[in-house]
Amino acid sequence: MMPDLGKYAGTVLSAYGVTLALLAALVLLSLWRGARVKRALEAQERRMGRGNG
Amino acid sequence: MNAHLTVTDLAIRRGGIPVLEGVSFTLQPGRALVLRGPNGVGKTTLLRTLAGLQPPLAGTISMPPDAIAYSGHADGLKATLSVTENLSFWAAIYGTGGFAPVLEAMNLEALQGRLAGSLSAGQKRRLGLARLLVSGRPIWMLDEPTVSLDAASVALFAQAVRAHLAGGGAALMATHIDLGIAEAEVLDLAPFKARPSTAGGNAGGRGREFDEAFA
Amino acid sequence: MSIWEYANPKKFMQTSAWALPWVTGLAVVALVGGLIWGFFFTPDDYKQGSTVKIIYIHVPSAMMAINAWVMMLVASLIWIIRRHHVSALAAKAAAPIGMTMTLIALFTGAIWGQPMWGTWWAWDPRLTSFLILFLFYLGYIALWEAIDDPDTAADLTSVLCLVGSVFALLSRYAVNFWNQGLHQEASLSMDAEENVADVFWYPLLVCIAGFVLLFVTLVLIRTRTEIRSRRLKALEARERMA
Amino acid sequence: MIALLLRDLRLAIRAGGGFGLGLAFFLIVTVLVPFGVGPEGGTLAKIAPGILWVGALLACLLSLDRIFALDFEDGSLDLLATAPIPLEAVVTMKAAAHWLTTGLPLVVAAPVFGVLLNLQGEGFFWLTVSLALGTPALSVIGTFGAALTVGLKRGGLLLSLLVLPLYVPTLIFGAETVRRGTEGMETGAPLMLLAGITAASVALLPFASAAAIRVNLR
């Protein structure tokens, strides 16, 4: 299945690797911070007894 | 000079959070008004709003243009400039002429050549007041004007304010200590403290402008 | 109903909650589809060999690096003119995405350049411009982080974004001017569209669509986070006051 | 307005270091470079235009955080903002004072430092001309950065981060003018572009700076 990348295999694979790593880091960071803030907000709303936001 | 200041239903914020609302008062020429209230109630913020340094959340401020001389916690004096140099700078900025009578009124004549950095706290305050006089503006807005002054300097301050009032000026002062100006009216700001329950809830209207939009 | 309705945080939260799954799904489909198509099912270029496959990430990320800044500029203008909080927060949310895209464009450009130019880094006008753009993103994000009051931060970063846009354009021009002599020939550049045959062009289009959708998805997610964070701060402040 | 300029100049002189610090920094950069790249005259002559421009730019950067910081701390900035002169004029005068105390000494000293770096032929003339045309832009752009960071406690490093990317076009056209001048090439194009950047910055950036100050004083 793997295409023959010839002599540039390292170049192409590292380019894709770096890209996917950076994108994954960005997506995970965004999701992680989103979940954390959401949890903190829900806790705060519960504490203040008004979950109508 | 026209020193008429009218404030109607003013709401102000500090750091995105409303601190005072529904503030209304009138300041007539020749009168002094003292703003009182516990620390953090928003005295300084109110003065800064009136001076035009920050926009109000709601309400109206009506006064003649170029009427206000503002004086904050700090005097804005340059320690490495002499008394005369400090004053002549502000006289030039405000486009007013001679400041010799001001030096006399503030009892600063003997100190003319001294660097502002070498003055005592009381002398510095007097220089700060001299700056207000030099500005030629009718409405003074003073934030804690007598902090760190001894009794004699407070008396001198009161005298200067009375002279300003007698000349048709007005003064708005925020303080939590006695200013020695018995005839001044007092406005306690504590009752105007913004109530979060009334300010929030809806994201429309004036809420659009501040953090409550998110609450 | 006016479009400005969506500038209301609550309305934005409702609408984005509805839209997010759709946009996410489309982004995943386009991105995975485009990259697989490009990586596995396209031939090598007769001159560049298999390195031509890098265009499927380099070109879209470079486009998004610039588009993200343009979007921030528009959002900043909306904040300055109409004072819609969501707009300012969307600009804040987009900056790290734009910065990552710039980094990807830089890395893939350098990696591609290694066999083509014989060196990891050449002061090629395009690459240099992206390096400068990266610095602009860095400054913009740092300014957001440095200021405590959110409205002050929104105002100042908007001004910086406006001024920065002008200077970024100037820099682009200056860099071209500065490096006239070393300009790469078009045939050896990845960005010359006229050199891209159809067989490369269609998967590239899908990849571009994928990156755009990914950007939209991430902006939505991050803007929602920023709005929640603002609301959290507002509630905490209210609790302190009560 | 002139009063403000005079006051700032007087303050700079009284405080000492106003003129000296940037110049000393410039000198040190110029002296350090040969230690780094070796004493060979040909190499130095080749890199002299760039080093001198980068050195001048960094020397300019050094004193930027003082433009508004002192006035902010002692309340003068509040008073100036409520004074009858527009804030745009205030920031313009502040930039002018910064240029007179930092930029102008650099322009004057740069040819002397050029000798240390074996600058060739017409390079001295073009160095002086390009710095004279370019340093006002450095001061005005720097004033904008200082206005953005005026209220921040640790603004110094952030200021550099914000301002340095904005300096890129000025640096490129400035150093390019000197490089071309040294090699006896036509300098008209980069010089015109440099002058254009300076003119546009001086005309437009004060509005942005004043807006930033207003926001920071809120």
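For clarity, chains are labelled A, B, C and D in written order, and residue numbers in each chain start from 1.
Just so it is clear, a contact is a pair of C-beta atoms (placed from the backbone, for glycine too) under 8 Å apart; a residue touches a chain by one contact, two chains touch by 3 or more.
Keep in mind the model is a prediction, meaning the values are calculated, not measured.
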{"item": "Chain whose mean Cα position lies farthest from subunit B", "value": "A"}
{"item": "Approximate Å spacing (C-alpha centroids) for the pair subunit A, subunit B", "value": "52"}
{"item": "Chain centre separation (subunit A, subunit D; CA means) in Å", "value": "41"}
{"item": "Length of the line joining the C-alpha centres of subunit C and subunit D, rounded to whole Å", "value": "32"}
{"item": "Distance from the mean Cα position of subunit D to that of subunit B, given in whole angstrom", "value": "37"}
{"item": "Residues of subunit C whose C-beta touches two or more other chains", "value": "10, 231, 235, 238"}
{"item": "Multi-partner residues of subunit D (at least 2 other chains)", "value": "218"}
{"item": "Junction residues of subunit A - those touching two or more other chains", "value": "53"}
{"item": "Chain pairs in mutual contact under the definition given at the outset", "value": "A-C, B-C, B-D, C-D"}
{"item": "Interface residues, subunit B side, partner subunit D - complex", "value": "48, 51-55, 66, 68-78, 80-81, 85, 88-90, 92-95, 131"}
{"item": "Contacting residues of subunit A [partner subunit C, same complex]", "value": "1, 3-9, 11-12, 14-16, 18-19, 22-23, 25-27, 29-31, 33-34, 37-38, 40-41, 44-45, 47-48, 53"}
{"item": "Subunit B residues within the subunit C interface of the complex", "value": "15-17, 194, 196, 200, 203-204, 208-215"}
{"item": "Residues of subunit C that touch subunit A when the two form their complex", "value": "10, 35, 39-40, 44, 49-51, 53-54, 57-58, 61, 96-97, 100, 103-104, 107-108, 111-112, 114-115, 214, 218, 221-222, 224-225, 228-229, 231-232, 235-236, 238-239"}
{"item": "In the complex with subunit B, residue positions of subunit D that touch it", "value": "2-4, 7, 10-11, 14-15, 71, 73-76, 78-85, 217-218"}
